[in-house]
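Paired with chain B in one complex and with chain C in the other, chain A is shared by the two complexes that follow.
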Partner chain A sequence: MIELKNVSKKYGKTKAVKEISITLPQGQIIGLFGENGAGKTTLLKCILGLLSHEGTVTLDGAPITEKNIERLSFATCEHSFFPALSPKGHRDFYQAHFPRFNDKRFQALMKFFELPMDKPLRAFSAGMKNQFEVVMALSQGADYILMDEPFAGNDVFNREDFYKVLLGILEEHETVLLSTHLLEEVKDFISRAVLLNKGELVGDCTVEELEAQGKDLMTYVKETYHYRNDRVSRALSDLTGEEG
Partner chain B sequence: MRPERKLSRLLPPNMDAAQVKGWIIALLTIVALLCSILFLCRYPEDYRDLFWYWGSKYQRIMPGAIMPRFDRYAILTVYVTGGALLLTLASTALLYSSYYQGSRSIYLMRRLPDGRSLLRRQIWSVPLRVMGLLLLLGVVLLAATWLVWRFVTPAQCLPTPGNIQQAMKDIAASPYSKQLP
Partner chain C sequence: MNRYLSTVGLYARSSLYKILLITLVTALLAGALVYYYPVGQEANAYYVDPDGNRMPYTYTEPYLDGVIGISRAPVVCAVGFTAIVAVMCLTGCGYGVKTDYTVRRLRVREKTACMLWAGYHAALLLFFWAVLALTLYGVMLLHCQQVKVPDGYVLESGPQTIMLLCYTDTFLHHLVPLQDVAMWGLSVSSVLAVAFTTVLFSYRQRHGSFSPLVLLALGGTIGSFFCSLGENTNFLLMLLLLGVAGASFCILIGGDDNAA
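Up next, the complex of A and B:
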């Protein structure tokens, strides 16, 4: 289990993440939602130790260090692969450094996305790069797979098919923490939603809890963010001068 | 194992080993050429100044003529090699920046179980080896220029204590010095 206790991150005087405390148990697909600048990426980087922060992040009670970092993988829209290496080169690299690298899953996902094995990554299209980033994060053999807008720029068919494949391949011990704007697309795949707003944790709810309350994820998110249903009609009436 | 393959194992994965090999060869060649050219510009001029010339065929060592000390030539090699060493040291910044080119592969490096030591190795291994080669090249160039200075220069013109004393006597005995007040 990953446990965050009072995690805060400041950029100068701006607090990007404010005292967040949550736990991420094994075997969940968790959606991390929030508008741009809500602190989603910063939070993921704090968990991975890529950013210095206040508060503590532990994995099964131990701080995240070189000893246990291999249990976490990361797919980011900034990409973390080596552009000069081919997928084959990456496979060799991962196999050399991650003892639990899942070659079978790697091969299957490469085939699923129809990605070439011998081309350097810099020659891939933006969409293919995103796909490859996700392939590596899922094949590393990590227990916790952190994804930050992994499919920004990919077409909808690829994304939908991928989520179906993701559900099919994940093992019980694997946790996915998926940061995305595409709430509608992932609402049927996630088991829990964590909501951030201006760096603060404003919602944390499992799908079962929502079902028990008779709510769907979209309603929960709109309520949490105090979404105003008349926002569009008011804006249009202001612009056109007509009554909405 | 091919040198490029061996080199690629020491470099960050984003670096092109063939290109780096080219840079290393170019750097070593430039250092060797520059040191040689500078020596060849300075030494023959000093050598010519040791002689009196009559026409194009006849020459005689000037009484009291002494070749400058070897430091005058060695300093050129020291400056050029030192400059190349600093450049090589600065190349570690280039190697580090390669983890930010085209992606943020630094995130992957920092997620590796042996990430920190691997990062250090990939950034320092090649520059340190090149610095070693540069030092070796500097020593070879100094040795070569010393051999030229020592054995091409006429023995009586080398700045040894005996030769300097003799030169002082020659100067004192010169008819020009007798005209001095």
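Up next, the complex of A and C:
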């Protein structure tokens, strides 16, 4: 279990993440939602130790260091692969470095996305790079797979198909923390939603809890963010001068 | 595979074949330049045959002093060396991507990985050095053996010929310093400086900044290896290169892995 206690991160005087305390048990697909600048990416980087921060992040009670970091993987739209290496080169390296590398899953996902094995990554299109980033994060053999807008720029069919495949391949002990804007697309796949607003944790609810309350995810999110249903009609009315 | 070896393997997969190719091409070009440079001049002499008669003959007298420098082989070597330094610097930079996110998620700390990569770079630089030394030494040996003598007679160049060349030719002397301890010191300082500064360059690039120390290491090495400098200048260069290597090492060891 990953446990965050009072995690805060400042960029200069701006607080990007404010005292977030949360636990991420194994076996969940968690959606991390929030508008631009809500602190989603910063929070993921704090968990991975890529940013210095206040508060603590532990993995099964121990701080995250080079001794247990292999249990976490990361797919980011910023891309973290080595551009000069081919997928085969990445696979060989991951296989040698991460003892739990899942070659079967790697091969299956490469086939699913129809990615070439011997071309250097720098020659891939933006969409293919995103797909490869996800392939490596899922194949590393990590218990906690952190994804930050992994499919920014990919077409909708690829994304939908991928989520279906993701549900099919994940094992019970694997947790996915998925930061995305595409709430509609992932609402049927996630088991828990964590909502951030201006760096603060404003919502954390499992799908079971929502079902018990008779709500769906979209309603919960709209309620949490105080979404105004008349927002569009008022804007149109202001622009056109007609009554909404 | 061992996590340390696999970390070295990550760099090797990106750069090994490129550096080996540059080394090979540089050695071939430099060797060819020296080999095909006309070093002989015709000379006449006599020899005494078994019957005691003085017999005239013409032979090619090799004139090898400074041949390596005149043949422009050091320029080719300097270009090859610069190309290798460039490959070493760019490996691990990951322009346009965030390679550091992966480097900092390895099973070894980033500073440990940097030390391993510096060791890998030092090994490759020693290999480059050894290949050039062997090539040029071998070519000079071939030149010495091209002396023409009458059938049945063999005129062997003694090891002193080559040994003298290793002292009189500036470039060959840097490659094969023999018993010149100061020159060994300068050459080893160059290797250390280039190995650490190239890794520091990519480390700094991954963290969004720039390290100019590699330029000092490159300039100092080219200055010491490829130009004829006085003893005092060589000593000062050695101190400079050792300082650059030490500063790079300290920055890498003291680097904050969690820096944003």
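By our rule, the second predicted complex is superposed on the first by the 244 of 244 C-alpha atoms of A that agree within 3 Å, B and C clash if a C-alpha of one lies under 4 Å from a C-alpha of the other, contacts with A are read in each partner's own complex, and residues count from 1 in each chain.
Note that in this section a residue touches a chain if its C-beta (ideal position, glycine included) is under 8 Å from a C-beta of that chain, and two chains touch if they have at least 3 such contacts.
The shown structure was predicted, so the numbers you read here are calculated from the model rather than taken from an experiment.
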Superposed partners chain B and chain C on chain A - clash or fit: clash
Touching partner for A:L50 - first (chain B), second (chain C), both, neither: both
Partner chain(s) touched by A:A152 [first = chain B, second = chain C, both, neither]: neither
Which of chain B and chain C A:F93 touches, first, second, both or neither: both
Partner chain(s) touched by A:C205 [first = chain B, second = chain C, both, neither]: neither
First, second, both or neither for A:F81, with chain B first and chain C second: both
Contacts of A:I69 with chain B and chain C, given as first, second, both or neither: both
Touching partner for A:I169 - first (chain B), second (chain C), both, neither: neither
Partner chain in contact with A:L183 - chain B first, chain C second, else both or neither: neither
Contact residues common to both interfaces of chain A (with chain B and with chain C): 48-50, 66-67, 69-70, 72-74, 76, 78-85, 89, 93, 97-98, 122
Residues of chain A that touch chain B when the two form their complex: 48-50, 66-67, 69-70, 72-74, 76, 78-85, 89, 93, 97-98, 121-122
Residue ranges of chain C touching chain A (in the complex, touch as defined): 1, 3, 5-7, 9-10, 13-14, 91-92, 94-102, 104-109, 112, 256-260
In the complex with chain A, residue positions of chain B that touch it: 12-16, 101-108, 110-116, 118
Of all residues in chain A, those that touch chain C in their complex: 48-52, 66-67, 69-70, 72-74, 76, 78-85, 89, 92-93, 96-98, 122
